[in-house]
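Two complexes are shown next, each including chain A; its partner changes from chain B in the first to chain C in the second.
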Partner chain A sequence: MDGDPPSPEPQPEPPPVRRGLLREFTCPSCGGTVTIRAAGNSITAVCSSCDAIIDVTDENFRILSKAKMQRRTEPLIPLGSRGILFGKTWEVIGYMERSDGSWEYLWQEYLLFNPYHGFRWLINDHGHWNFTTMIKDDISVVLPVYEGRTYDKYLAGGARVCYVLGEFYWRVKDGDEVSVKDFIHPPYLLSYEKSEDEEIWSHSVYMEPSEILRAFPSVEELPAREGVAPNQMSLLGKAYPGVMRVFLLTLAALVAIEIVIRFTSRNEVAWSGTVHYDSHEPNKTVLTPKFELKRYMADVVIEMSAPVDNSWLESEIALVNADNDNTVHVTSGVEYYHGVDGGESWSEGSNQRKIFLSSVPAGNYYLAVDTAADARIPAADYTVRVIRDVVPLSNFMLAVLAVSAFPLITWWRRRAFEVKRWSNSDFSPYANTSSDHDD
Partner chain B sequence: MNEFSCPSCGAAVNFVSKASVFMVCPYCRSMLVRQDVNVENIGKMAETLDENTTPLQLGTEGVYMDKRFALAGRVRLAWSDGSWDEWYAWFNDGSHGWLAQAQGFYMVSFQVPNVNLPEPSTLIVGNRIDLEVGFDGRSYRVDDIKKTTCVVAEGELPFKAPKGRNGISVDLGGPDDAFACIEYSEDGTRFFEGRYMEFDELKLSFMRILDGW
Partner chain C sequence: MSLKNIYLFICLITCIGLASANFRGWVIWNSIFPASYVHTEPGSHHK
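This part shows the complex of A and B:
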């Protein structure tokens, strides 16, 4: 199966068209020359000068249709062009413009021929390209799984021929109608076409416009892509599984590190005691006994808890290293207010406060505490605790947040791409979640 | 006894396959039918093969399921929407089968005898039919039903194939590229079973040179 995306290496030039296999005859309608590139295979050919559709299998080249077709667009890849796709040379021999039921939505199909390998299609749907192979496999009995891939139903609709050019291996008719069902597994698409007397399955692989340009060097420019194609792969979509794998691994590593840290951290109380405050001695500094902070470098939490009740209390705490007088100043206050207002009780603040100090060196320390308080507190005893080697949860949370940012953005953008992909489908799994219909 | 001289032109002609009963003399285009010890000339094949874009020709060799084969004959069948070629292939294990080439597809198949086959009028394109083939029987989808006429033949064939030989050809498909064909003709109904093959899988050699390709 040539379903693998092509390699980005520069392609060799396709061999030039030689006249050897070409057949020419005179159009019975206008006398112009009609060229046949797939003699023996082609059943119908369209005269490029007068649009007559001619039965090539008939000795007299019977005219099947003489109606002038409404010409819509010229082929972007001219008939007779050769290009190398998936390592094989293909010649454009037919061109067909089709539309859905609306007659407004048009797309173009190029019939490709190689005398050894048969027929393929290149389909251009609003700047998006598909390389399509007809399959004879009876896959309706195995769907939704085909060749190990699970396909999602994308579309059920119709297609009708608006304009034809070149030659075809079936009896092509302007206005031919088929019903169509599409199933996707990006970058692949399975398509089912049913007409009165035929059922055809085909398998497509999405192609980047740059791959088409590389295959057909004579084509200089292709139209820009509109929207997202049913089986288009986003770059993000390709990277997504990798991003998620790295994310989950990183997350697992973070959890493991956090567990190790929590098991090895001492989280011990270095000092705990009561500080007395008396409004009569407002400027008295309370000195605590010395205590030891162990472990070379570690975090410290100073925790205070005061019996405030509709009042406040504030401490200026100096953490002094008794060995070298290095000091860290901390201001920590608590306030707690509550009451009843209009029948509803309320409260704000708390009588507890924790101050976090990171990377405090080991040594002998003491605290020097100055207290100020609400005039309503004449005197109070409040608790101060110095806790050594604490592991704050916030470190872990910050780390998780940091590593989640990119995957989250990736997930969101991928989802936005998928919503867009499914916006033209009647079977969108996002149909109920996306409120904005972009028409 | 496979070597004869053409009763019409005297050229030495050679049936490579024991199963062949019919041959078009490559020199004078007489249609020869093999009898017990000699060949009978039943007339000239007037039509010539209008060469198309096929890379196949008499003598082309290939591989199918690890067996080598060579193409010994061809019959071109026409139907309402064109024609296709059936190549008579004989294999190096003594068996013989067919390589058909139509709409760019290659199908290799072998006749399976003694299969109960439905009447052609009961078949509908798209429907499935169950046939008592193989161990558990097989289910096939009817892909198309074509009224055929033999237009021209060359090389040797296991049946008489004069121009105008009529028949009905029913193509059947199954999962994993399974291919089967029922052929209803004046001298009986035959069933063939095989596979769709990719060109590259057939590893063809001694092909026709296609100018420009």
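This part shows the complex of A and C:
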């Protein structure tokens, strides 16, 4: 991290920062010591002994509230802790627990102070952390745009103060309620809070728990994250645009390679001829004249075409290297059936067949062909062709498949993450989808 | 190494693989799914 996250200077609500000094006074309620860390900036402070909320701007330290608040959780980052976030040192001076009003869903907010840079918030929502800055910009609640980014509406609800500790730059009190609207553009979040007196926009950036632990070394561990936060970035979500760019470039490269190879391949007929089959000579092997397969190494296609009609014909073809007798045996059959069934015509099979032989070395070759056929074929002449250096489309298709797998998986995982992200929103674009996947 | 770079590496290998397979007349499908109707014998005689 370097520099502040993209956020303007604070803040509509916090007062102009005065270089405060540490200050202590006696709680007028219980006599305990209350420490002020942002003297001159804080308006209220909470006595850690009796929970009385005190007006520190009043020279007699007037008590604003003496109600005993119910603390739900201990602050994970103790008041007075200092940590470096976005290259600046921040001191935790306030702690607030808020709920959505149901008292069931709680989150914790830490008020940070730096005498030169003012106030920020560190918000922990079920293990997900956000670094938050108040902003002054005039933003539309209908379609918020901030720093060139358009935000999607995620939540509309309320927030209520359940517990406060430390000091604050406004007159905080237990039970304060505001209406809230959250808008997201991961890893950023815009919050709009409206109370009877004011409207406040704040801008948050998602932080990994490891960043919080690095910033505050006194904190040993943080609770595990629950679910997916509104503005959490998935690992695959970050990589997805780059992966898609690479995919499209690779697809173009594969097409280019295929075109070049097809233009330069020989596609040469090395031998073509007719083979005679006679059922009276069932074990006769037909030997073809020798022919040459050129080029050091290339594939060979053996193509067979026979006049079958509701019948079959099968050949045992041996491609024999006349120089060293290395042989490739191929069993190639053709069958073609057709007819009419229930007024519908049908057909099956074909009277042609192609077989690719991989990486056949150059040399002089001949074919040795044994034929068998349907009893309805007493004799037949059929064509055999040997074609050298044919580019198989299957190679290209397999290459496309190979490079497509990763983007497809990335897309699917990213979508599952997004479905989970939006599962807590009333404005989900995946309203009819559910997923148990996490990222 | 980022996911994107790992994928970039896979893509480069695939491009080189396609070019070289076609240049050498290697039908990749035949290697993945060897056909029962094709087999090779060194030095057999059909004469």
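One rule holds in what follows: the second predicted complex is superposed on the first by the 387 of 439 C-alpha atoms of A that agree within 3 Å, B and C clash if a C-alpha of one lies under 4 Å from a C-alpha of the other, contacts with A are read in each partner's own complex, and residues count from 1 in each chain.
The rule we apply is simple: a residue touches a chain if its C-beta (ideal position, glycine included) is under 8 Å from a C-beta of that chain, and two chains touch if they have at least 3 such contacts.
Worth saying up front: this structure is predicted, and the values here are computed from it rather than measured.
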First (chain B), second (chain C), both or neither touched by A:D381: neither
Touched partner set for A:P392, first chain B, second chain C, both or neither: second
Touching partner for A:L236 - first (chain B), second (chain C), both, neither: second
Which of chain B and chain C A:E268 touches, first, second, both or neither: neither
More chain A residues in contact - chain B or chain C: C
First, second, both or neither for A:E292, with chain B first and chain C second: neither
Chain A positions touched by chain B in one structure and by chain C in the second: none
Residues on chain A engaged by chain C in the complex (per definition of touch): 235-236, 239, 242-243, 246-247, 249-250, 253-254, 257-258, 261, 265, 285, 287, 295, 297-300, 318, 320, 324-332, 355-360, 368, 389, 391-392, 394-396, 398-399, 402-403, 406-407, 410
List of chain C residues in touch with chain A within their complex: 2-4, 7-8, 10-11, 14-15, 17-19, 21-32, 35, 37-47
Chain A to chain B touching residues, read off their complex: 15-21, 38-41, 43, 57, 89, 113-119, 136-142, 169-171, 197-199
Chain A-touching residues of chain B, taken from the complex the two chains share: 50-55, 78, 81-83, 103-105, 125-126, 140-141, 143-144, 173-179, 196, 198-199, 210-213
